[in-house]
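Pasting the structures in now, so scroll down.
Common to both upcoming complexes is chain A, partnered first by chain B, then by chain C.
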Partner chain A sequence: MMNPKTQNKVAIGTLYGVAGLVVLILLALLGYILVSGLPQLSWHFLTAPAKAFLKGGGVGVQLYNSFYLLILAMLISFPIALGAAIYLYEYAKDNWVTTTIRTAIEILSSLPSVVVGLFGFLFFVVKLRLGFSILSGAFALTFFNLPLLTRSIEDSLRTIDTTQREGGLALGLSRWETVTRVILPAAVPSILTGVILSAGRVFGEAAALIYTAGQSAPALDFTDWNPFNISSPLNPMRPAETLAVHIWKINSEGIMPDAKAISSGSSAVLVLAILLFNFAARYLGKRLYKRLTSA
Partner chain B sequence: MMKSTQQLEQQLKRHSKAAKLEIWGKVVSFSALILIVAVVVGIIGFVASKGLATFFTNHVSLWDFLSGKSWNPGVTDANGKPEVGALPMIMGSFLITVLSAIVATPFAIGTAVFMNEISPNKGAKILQPVTELLVGIPSVVYGFIGLSVVVPVTRAIFGGSGFGILSGTCVLFVMILPTVTSMSVDALRAVPRYYREASLALGATQWQTIYKVVLRAATPGLMTAVVFGMARAFGEALAVQMVIGNAALMPGSLVDPSSTLTSVLTTGIGNTVMGSLQNNALWSLALVLLLMSLVFNLIVRLIGRKGRLQ
Partner chain C sequence: MFLSNDVQGNTEMLERHIVQPADADHPTILSTEDLHVYYGKKEAISEGDLRFASNQITALIGPSGSGKSTFLRSLNRMNDRIATVTGRIMYRGVDINQPSIDVYEMRRRVGMVFQRPNPFAKSIYDNIAFALRLRGTTDKHELDEIVETSLKQAALWNQVKDDLNKSALALSGGQAQRLCIARAIAVKPDILLLDEPASALDPVSTSQLEDTLLELKQNYSIIIVTHNMQQAGRISEYTAFFNQGRVLEYDTTSHIFTNPQVQITSDYVSGNFG
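== the complex of A and B ==
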């Protein structure tokens, strides 16, 4: 048996090694994405439409689709998640109904995104006849996003001190008024951080979209902003391949000669976007907190 | 006179503007909550009704489905029964999940201990932001890196095509590592400070404190972290599909092309006709996937209930 002091040294040394190795793996991963991807980025790459068989296509349409879907999904899911979180934290009594509802939300958050996507395919694309469309995709993303967003908003509400609620009620405000006039304004910074972070996850989601928003990206006419025209960027009924789906698609069945270069570039764009979301979440959260509170 | 009392009574009993707003707010927020529950029920109901059709409409026996080794729903075998043996995919999914969890757990817990117990400074400065960022990296990006780095390396070392369970395990290992690490950190953080102080005060070394006190106290939390990682690995679709080779065969070795439930689903569902046996069989796979995610959920709950710190 080693003496405890040597044992201690060996163990701590090993832990240093393990942590170092993990950092190395993670940094190598990030480095690989950026080093192989950044040289591909150019204005042309980011704006030009994709080419199916030739070199030199871009990801302009896919990038636009990703953002459009993200915004639509957020517009649908945010009010629902906000309402659900308010009820769960401010109104719900601690009984079996609430426990069941919480369990349901947990189940939804642990469902594989393929299953959510398949349900979206079955329900929106086939049953409601929306076809492969932005709208179907936005609903699928909403389902994927709802549990995460609800939980993060609920956590934000939890950080607001009870004295604030008591203060509101003592002033004769109803519970609802307390929530909307006192609690929510105080919680805005951390709610915003949660929204941006979940936006990052939605932005990179692909499995839920393959069979809902589709795998094709028809050319868009960026001068036509009438949502009822098929080539209009705003049309919610057109199929829309996003950037993440594009990476999967060209790697599993792509026939373009520069598939690898395009995937590296697209991966770098995705990762940069996630980085941006992360920094924005931190920065805006802090900034807003300073402005909205006296702290 | 009578009438005016009645009026007064009515006036007093009427809801005020604020009370109406209160009721309105409560109803609206409750309906949002109910909507989410309806979505969950809807997903489970729809997938179950589709997935069970294989057994009730097409009369495939459940045992044949779970234990059959050949997956070829379009073809009927010698007995005139369709070949819908899902065992290769179920095996593939479980193998890849268990293997990646076995590899990732020591790394994740080691890193978490380092971040929380040994060098909180470096942990907060370097490891925390990096893991947080990596949790958010989209799975297709992992799949793409697997395809362009892991698969060629596997091919160079073990020969063959490079596609297979080994490559899938490597990709999933890196994928679940940040998730398991950050959840393990939370578990370690929940261990009260005085546990450590008491142990150190008894003359235990730092390692003895970590090994005999902190890790023991955090065991339920660490197990939850690993189960979450496994659930993520089990349900991951695209990253795995890109590197596993997609051959619906029993995995002969770790470097043979094989397939998982999710990989067959992503490649197959678009190429089959709704309502056909081929399609229903795929929905049965989706149902297996759904049930497994419920099982993982249940395990997390059981751990949480049994292992709560008293």
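== the complex of A and C ==
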């Protein structure tokens, strides 16, 4: 039998070992992607359109599409998620209705994204005749994003102490006033962190988009901002391959001579963007919290 | 203990002893009639009919779980949605425990301060001003003035007058609690309910808080729950003793502490409880 002290040491040692291994694997992966991808990056690569058969294509259109889709998906899913979270946490009583909703959210959030994509294809692309388009993609991403975002906002509301709600009510504020004037402002830093982190997930999503936003990226005319023109960047009805889908596609059927390099470069851009989202989330969350608590 | 009780003879002690305040200078401002409070099926208050004198401090004392908070929170309907409250709560001749009452307006007349200080994640100024703005006081001058008087009444002005735009979350526990009092009185209530407001504070802050309450008594009627017998003795005119959901004794504070009529009260105030 080991004495408790040795036991403790062994346990801590094992935990450190496991944690270290995880960190090592992550760093190796990240390192590999960046080392093989960073050399490909250039202004030309980030802005030029892709080429199907020739060397020297870029990912400009894909990069733009990724951001456009992300913004649209967030614009649609954030208000819904916010409303749902407020209803679930601030208003709904704990009964079978809310239990059902919560279970549904739980199940939806663990749905493989390729299933969300196929559902999006059948429903938005085919049934609603939206075709392979930004709009179909944005709706699919909304379905993909909604459950997790709702849960993350609900968790943010949960971190605000009940005494804050009672404080509002005791001043003669209504429940709605208490939620909007006391609880939400206090929860903003943590809600924002959740939103940015989920933006990272959405940005890197491919499976949900392959059959909804499509796999082609028609050239865009960045001087044409009329959303009804087919080459306008704002047109929500055009097919729009994103960066993540582009990576998937090059690796499965890319025939340009520099496919490998482009795939590496795109992966590096994707990883950098997601890292940026994560750091931004932390930084902004912390700063906002500081501004609320000191200043 | 058991023996000596028997020898003294419990028969001399009353089972309940209620003397409602009767002081012409301090007419009743709030009273409960036939009040019962239930959490689900469980009855948490079964006998709690009290009258509260205006511009006086009334202390609610009693062992943990006896129903003091339940009773206090019923008075400004903070138990709506949590408990079922039956009976009447008369405030200036109006039963405020009926569905037709505008609860939000009522709570501005019957303010509340909680056990744990709960300043909002806003500036000190906005903690006080924002509820007023929501109700239509938008004049900057007027707001400044209310903020200043409220903070002065709560004895916090001198410590924070240069930091009004700093976050209230950076205040110490005692300061935060006094800010909560300032916030409560800024909406000009009649009655102030306080649930163990000093239990999270150190002795110095506690004594400052007591001074504040004694000062506020001139303008407000105060009902305070406390576990601190000395505190009840120092600041209150009347004391109600709660036990197992019933008010067993209600009288002037000096009577409760020097000459209790109920055995359990006597045991409780002398610290021999249980």
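Everything below uses one rule, namely that the second predicted complex is superposed on the first by the 269 of 295 C-alpha atoms of A that agree within 3 Å, B and C clash if a C-alpha of one lies under 4 Å from a C-alpha of the other, contacts with A are read in each partner's own complex, and residues count from 1 in each chain.
Throughout what follows, contacts are C-beta pairs under 8 Å (C-beta built on N, C-alpha and C of every residue); 3 or more make two chains touch, one makes a residue touch a chain.
Note that the coordinates shown come from a computational prediction; the quantities given were computed from them, not determined experimentally.
By the document's definition of touching, neither partner reaches A:Asp221: not chain B, not chain C. In the superposition on chain A, A:Ser110 makes contact with chain B only, while chain C stays out of contact range.
Set against each other, chain B and chain C differ in how many residues of chain A they touch, and the higher count belongs to B. Judged by the touch definition given at the top, the superposed model places A:Asp161 against chain C, while chain B stays out of reach. When the two complexes are overlaid on their common chain A, residue A:Tyr87 makes contact with chain B while staying clear of chain C.
Applying the stated contact rule after C-alpha superposition, one finds that A:Trp248 touches chain B and leaves chain C untouched. In the superposed model, A:Glu177 lies in contact with both chain B and chain C.
Under the contact criterion defined above, the residues of chain A that touch both chain B in one complex and chain C in the other are 173-174, 177. Across the interface of their complex, chain A is touched by residues 18-19, 21-22, 24-26, 28-33, 35-37, 39-44, 46-47, 50, 106-108, 110-111, 113-115, 118-119, 126-127, 130-134, 136-141, 143-145, 147-149, 174, 177-178, 181, 205-208, 210-211, 231, 234-238, 241-242, 262, 265-267, 269-270, 274, 283, 286, 289-290, 293-294, 296-297 of chain B. Looking at the complex, you find that chain A touches chain B at residues 4-5, 7-8, 11-12, 14-16, 18-19, 21-23, 25-27, 29-30, 32-33, 36, 79-84, 86-88, 90-91, 101, 104-108, 110-116, 118-119, 121-123, 126, 143, 146-147, 150, 173-177, 179-180, 197, 200-201, 203-207, 210-211, 244-245, 247-248, 251-252, 260, 263-264, 267, 270-271, 274-275, 277-278.
Those residues of chain A that touch chain C in the shared complex are 161, 163-164, 166-174, 177, 181-182, 185-186, 291-295.
Put simply, chain C touches chain A in their complex at residues 76, 78, 104-108, 111-114, 116, 118-122, 130-131, 134-135, 165-167, 169-170, 180, 183-184, 187.
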